[in-house]
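Think of it as A, B, C, D, E and F in the order they're written, each chain with its own count starting at 1.
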Amino acid sequence: MKLVIKVTGKFFDDLGDKAPLSASIKSLVEEGHRVALVTGGGSTARKYIGLGRSLQLNEASLDLLGIWVARLNAFLMAMSMPDLAYAKVPENLEQFLEYWGHGKVVVVGGFQPGQSTAAVSALVAEAISADYLIMVTTVEGVFDSDPKKNPNAKFLPRVTTAQLKTILESSQSVKAGTYELLDPMAMKIVERSKIRVIVTNVDRIGKITRILKGEEIASIVEPV
Amino acid sequence: MKLVIKVTGKFFDDLGDKAPLSASIKSLVEEGHRVALVTGGGSTARKYIGLGRSLQLNEASLDLLGIWVARLNAFLMAMSMPDLAYAKVPENLEQFLEYWGHGKVVVVGGFQPGQSTAAVSALVAEAISADYLIMVTTVEGVFDSDPKKNPNAKFLPRVTTAQLKTILESSQSVKAGTYELLDPMAMKIVERSKIRVIVTNVDRIGKITRILKGEEIASIVEPV
Amino acid sequence: MKLVIKVTGKFFDDLGDKAPLSASIKSLVEEGHRVALVTGGGSTARKYIGLGRSLQLNEASLDLLGIWVARLNAFLMAMSMPDLAYAKVPENLEQFLEYWGHGKVVVVGGFQPGQSTAAVSALVAEAISADYLIMVTTVEGVFDSDPKKNPNAKFLPRVTTAQLKTILESSQSVKAGTYELLDPMAMKIVERSKIRVIVTNVDRIGKITRILKGEEIASIVEPV
Amino acid sequence: MKLVIKVTGKFFDDLGDKAPLSASIKSLVEEGHRVALVTGGGSTARKYIGLGRSLQLNEASLDLLGIWVARLNAFLMAMSMPDLAYAKVPENLEQFLEYWGHGKVVVVGGFQPGQSTAAVSALVAEAISADYLIMVTTVEGVFDSDPKKNPNAKFLPRVTTAQLKTILESSQSVKAGTYELLDPMAMKIVERSKIRVIVTNVDRIGKITRILKGEEIASIVEPV
Amino acid sequence: MKLVIKVTGKFFDDLGDKAPLSASIKSLVEEGHRVALVTGGGSTARKYIGLGRSLQLNEASLDLLGIWVARLNAFLMAMSMPDLAYAKVPENLEQFLEYWGHGKVVVVGGFQPGQSTAAVSALVAEAISADYLIMVTTVEGVFDSDPKKNPNAKFLPRVTTAQLKTILESSQSVKAGTYELLDPMAMKIVERSKIRVIVTNVDRIGKITRILKGEEIASIVEPV
Amino acid sequence: MKLVIKVTGKFFDDLGDKAPLSASIKSLVEEGHRVALVTGGGSTARKYIGLGRSLQLNEASLDLLGIWVARLNAFLMAMSMPDLAYAKVPENLEQFLEYWGHGKVVVVGGFQPGQSTAAVSALVAEAISADYLIMVTTVEGVFDSDPKKNPNAKFLPRVTTAQLKTILESSQSVKAGTYELLDPMAMKIVERSKIRVIVTNVDRIGKITRILKGEEIASIVEPV
């Protein structure tokens, strides 16, 4: 299968070991899957966006700072899999397609201002006609409202894109570094190309095979 | 002033003379403005998207075909201003910024699947903190509904982004080559960076200075 | 075997299905051949050259417009074989050699002003020491005069480069977009590197294996 | 004059305002100087080198992580001077020379494993035949031993490269991220091309003109 | 005026001072001309082509070796004019056009197998609509037969392209490294774009202004 | 095993056949090893450095000339192994890593001013975690003093890096083109990453397998 795995930037916030992610991708490859990995920016991105804001950079430049940090996280993961991963981080979709043609794992940070790394992962999934886009987040999956804000949010094991859109609509924002789950661009791509999305928690990063079999907690978003 | 001019791809559909566009940009530069030009793909883009669809390409690849044609139109215009324009068409925003730093007119086609050339022009306008984004279209300006579908559509000389969003909402589509006026990505950029947008007709391509003075028919979209 | 297939730009003029070309290359690869594909520009190239001429571009720029369209056709075909073809169209011979080293089908449009796509295909054939250069044209093969101008032209199943040179000499022209069959540059490369050239009709695009076996109408040009 | 300013990575460690650095460079340019800026990696570099080490990356890869962070700092500063600085961060000396030829401020992070950003700044200074290499550090200037380790270290307003070499010799180390002041590579370049080096404190980042006039605390290293 | 100066590779064969060439270009620039310089490969090219031939490389690869050496000569001259010349040697015509747009002297070696550096200089002259293409050779100008082979060859101060073609026709060869004066490709470009060519001797490299005024020995080739 | 082979530039000085080197690498690859080849510049490098010096280029530019020639030698060897070697010569370590990921032989000339090709080979060996770095020189191996200067120098079959450092210390110089055996940068990399170095004579270029088995004259440098 062709899999796109998008990992929250928060995974890179602390100094905890990142080896489980490399190991997880390694075993997926050994099982015969092709994998593209997309990394977010996390707190380092927010630090640099903060520095940029105090230098009065415009929104495009702030987004570019966040993109650079996401690429740094991508580079770290690529370096951790020297035999498996393409040695460079593609900086746009055309470059991604060129590297992907090499039969290797391709690790991606951001592409362009104005879109989240979720949108990047949707673009990548569409371009390779991926079987699944797996979003590895800080929450358990999709809830009926933001679980970080609402402790009573209800976990949804299965949700349509239409339902998800209604849930997210109120909470979206487009200031640099503040997109959530699936921004409108990501949603559009997922819908027009009917990409199947799985949302799960970063704790389960080592269990992607089990997730694909439905043996781990995760939500599945069905495009309709 | 820093101006981004987005010209409809339909301008390149026939064999009519394209010199008025080069001349218009030349005189803007001579008046001391800096200009970025963004070109759409038009019927040639649609032809290639059609060829691609019969080859069963996915949406991302179809968009890339449209992007290539938009870049071809951009290249034609750049070649027509050898002393004024940067000799290469940037293929993403980072490249655009590099070329823009050369003090020349930069001519852009598309950047990335999933977004219209209108979104490209908004990204460019944001990145350079443009004074105006001028959309040169096949219609007179903004109407209260699509004038191509509704002959009774009313011309709106002034409209807020909020109003425009309401007007466009129903009619948006994201199949390759079918975006209209401002797609959601373009709208978002315009809103978050408060970019002033002017919409006018391709017949007035030689009168941009007059448009900026409010002496020609055009709509102004105010970000709020 | 190593094969270079040069397809006339006219193949891309209408909206007819281009799948037979992809299919043909696919089966050649499955039979164990390595394939480079070179595409011409066709009527879209002529359209843009016309637009350029009315903008008073010089010959070099007009050729570049034709080259861009040839590359667009090349990109279309590359996208139609995502598993087989290198995802980028090389823009010069050095880039071609880099991509060719990846073991994939490489699809090429033009390289440089002043030479036809026939010359491009000869350069490519020489650089990879190809077994055959197959020119897929709008005619049945080589005739004793241009069959488009002379209805009594006689088909020649076998011709030496020396004979062909005599036949073509009178009719050659170097205005952008008007080269025919083999321009002088192509001829020279074919001669100095003794490249075997086969000329056949675009209708037989799905029968290249049969052509190689001599079971289909085609002319063979022998370098001497 | 042609100036290379190397700023310690520690300058980017906190969220304090970085505007004094941009302002300082801006006024140097307005005074007619040409400026290249080289930024270190600081604590973010050390964080990523730590992450890399727990992933068991080799020394070359760890250095590359530090280089990426230095480039991120460089990019931040380049973005803060959109009218003055070249919009891209060069990744090696040849690229640096290309950008430098544009007459703009060029901002550089690291180039290559095995050398400190001090070596990068010496390479840059040599390549442009700079008048001064100004090292903006966390200390007041050159001391007769490392002032961070020895509170009784004596400040040296003037020192030859030969003397400095003797002072630094014992304390040098080449583990990624642990070079100090001038590593052997930097020293060699400084010596062979007789580059004049000034060492001063990051607090005086806004007073470089005064430093050049000898009106601020700083050490000058004379090549002999 | 826009001038293209093509210097024989033999100029780089010995260790004699190359400063007169840099000085000559410098004074042309100071007089207000724009200059592109094209360098041949000379004996070092022939050495490497010889090494390649004993390694049984094909003609394309041999030409590439000669091209690399021509680029090395170009790089030497570019480095000798750090304030005047673009710091990189373009490797194809599109890159040349990009660098040329920077307003600097651009120094070129070869572009592509199958053509001489004379063809390169003609392509460059056409692309920038040059006023003159000045060929700086080992002979005094154009003769009625090759002066190296025929001591009685008659010097021709003025010759049409048609006449020159007749003169050269017999002696042309296309083995790597053996083109002379104007190869067929160069001739074609010169003819189709009516480029005025001046042929003179390398001894007069410091007198190009005088040559342009007709005050030094040189032949002028008139395109008809 | 992963092997880095560094061949002295002097190997390319004469017109003698270079096929034994290609053949040697071919057989190493057939035995299952991965190979990176690093070539020096030799007398052609010295010629161009001489030309540059008479043009008063600075040390950085002189080094770049030497680097270009080393790359030319690298390109020659890459072209001689079209099926085995990556078709381009990487110009820095990051590019090297990208090409190396393709599973091919990668041939490298120089990277950057201020370091010898020996340093380049050490950087490459470190980056790929090579098993051995094999230095193919004009001498038999390591001696207790420079055998070119001291005819009584004693051959050392086994030496530690610490011992070698002591031996070389006095004789090192950093003028362009005059580094010897292992410059300080190379030494540092070898030490910090504990790279095993073998030094042997260019006459044994066809016997690398035997050298690895200890069956040919060579010195081994042990990092301690």
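The rule is short, and it goes like this: a residue touches a chain if its C-beta (ideal position, glycine included) is under 8 Å from a C-beta of that chain, and two chains touch if they have at least 3 such contacts.
Just so we're clear, the structure is a prediction, and the values are computed from it rather than from any experiment.
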What chains do chain B and chain F have as common neighbours? A, C, D, E
State the chain with the largest centre-to-centre distance from chain C, centres being mean CA positions. D
Have a look at where chain D meets chain E and say same if over half of the interface residue numbers show up on both copies, different if under half do. different
Once the Cα atoms of chain E and chain F are superposed, what angle does the rotation have, between 0 and 180 degrees and to the nearest 5? 180
Distance between the CA centroids of chain B and chain D (whole Å) is 43
If you average the CA atoms of chain B and of chain C, how many Å lie between those two points? 35
Hey, what residues on chain A touch two or more of the other chains? 61, 64, 82, 94, 102
Chain pairs satisfying touch are A-B, A-C, A-D, A-F, B-C, B-D, B-E, C-E, C-F, D-E, D-F, E-F
Enumerate the contact residues on chain F facing chain E in the complex. 12, 15, 17-19, 22, 44, 47-48, 50-52, 54-55, 57, 61, 64-65, 68-69, 71-72, 75-76, 79-80, 82
Which of the residues in chain E come into contact with chain D in the complex? 82, 86-88, 102, 104
Chain D-facing residues of chain B, complex: 94, 97-98, 100-102
Residues of chain B defined as touching chain A within the complex: 58-61, 64, 91-94, 111-115, 119, 122-123, 126-127, 129, 174-175, 184-185, 188-189, 191-193
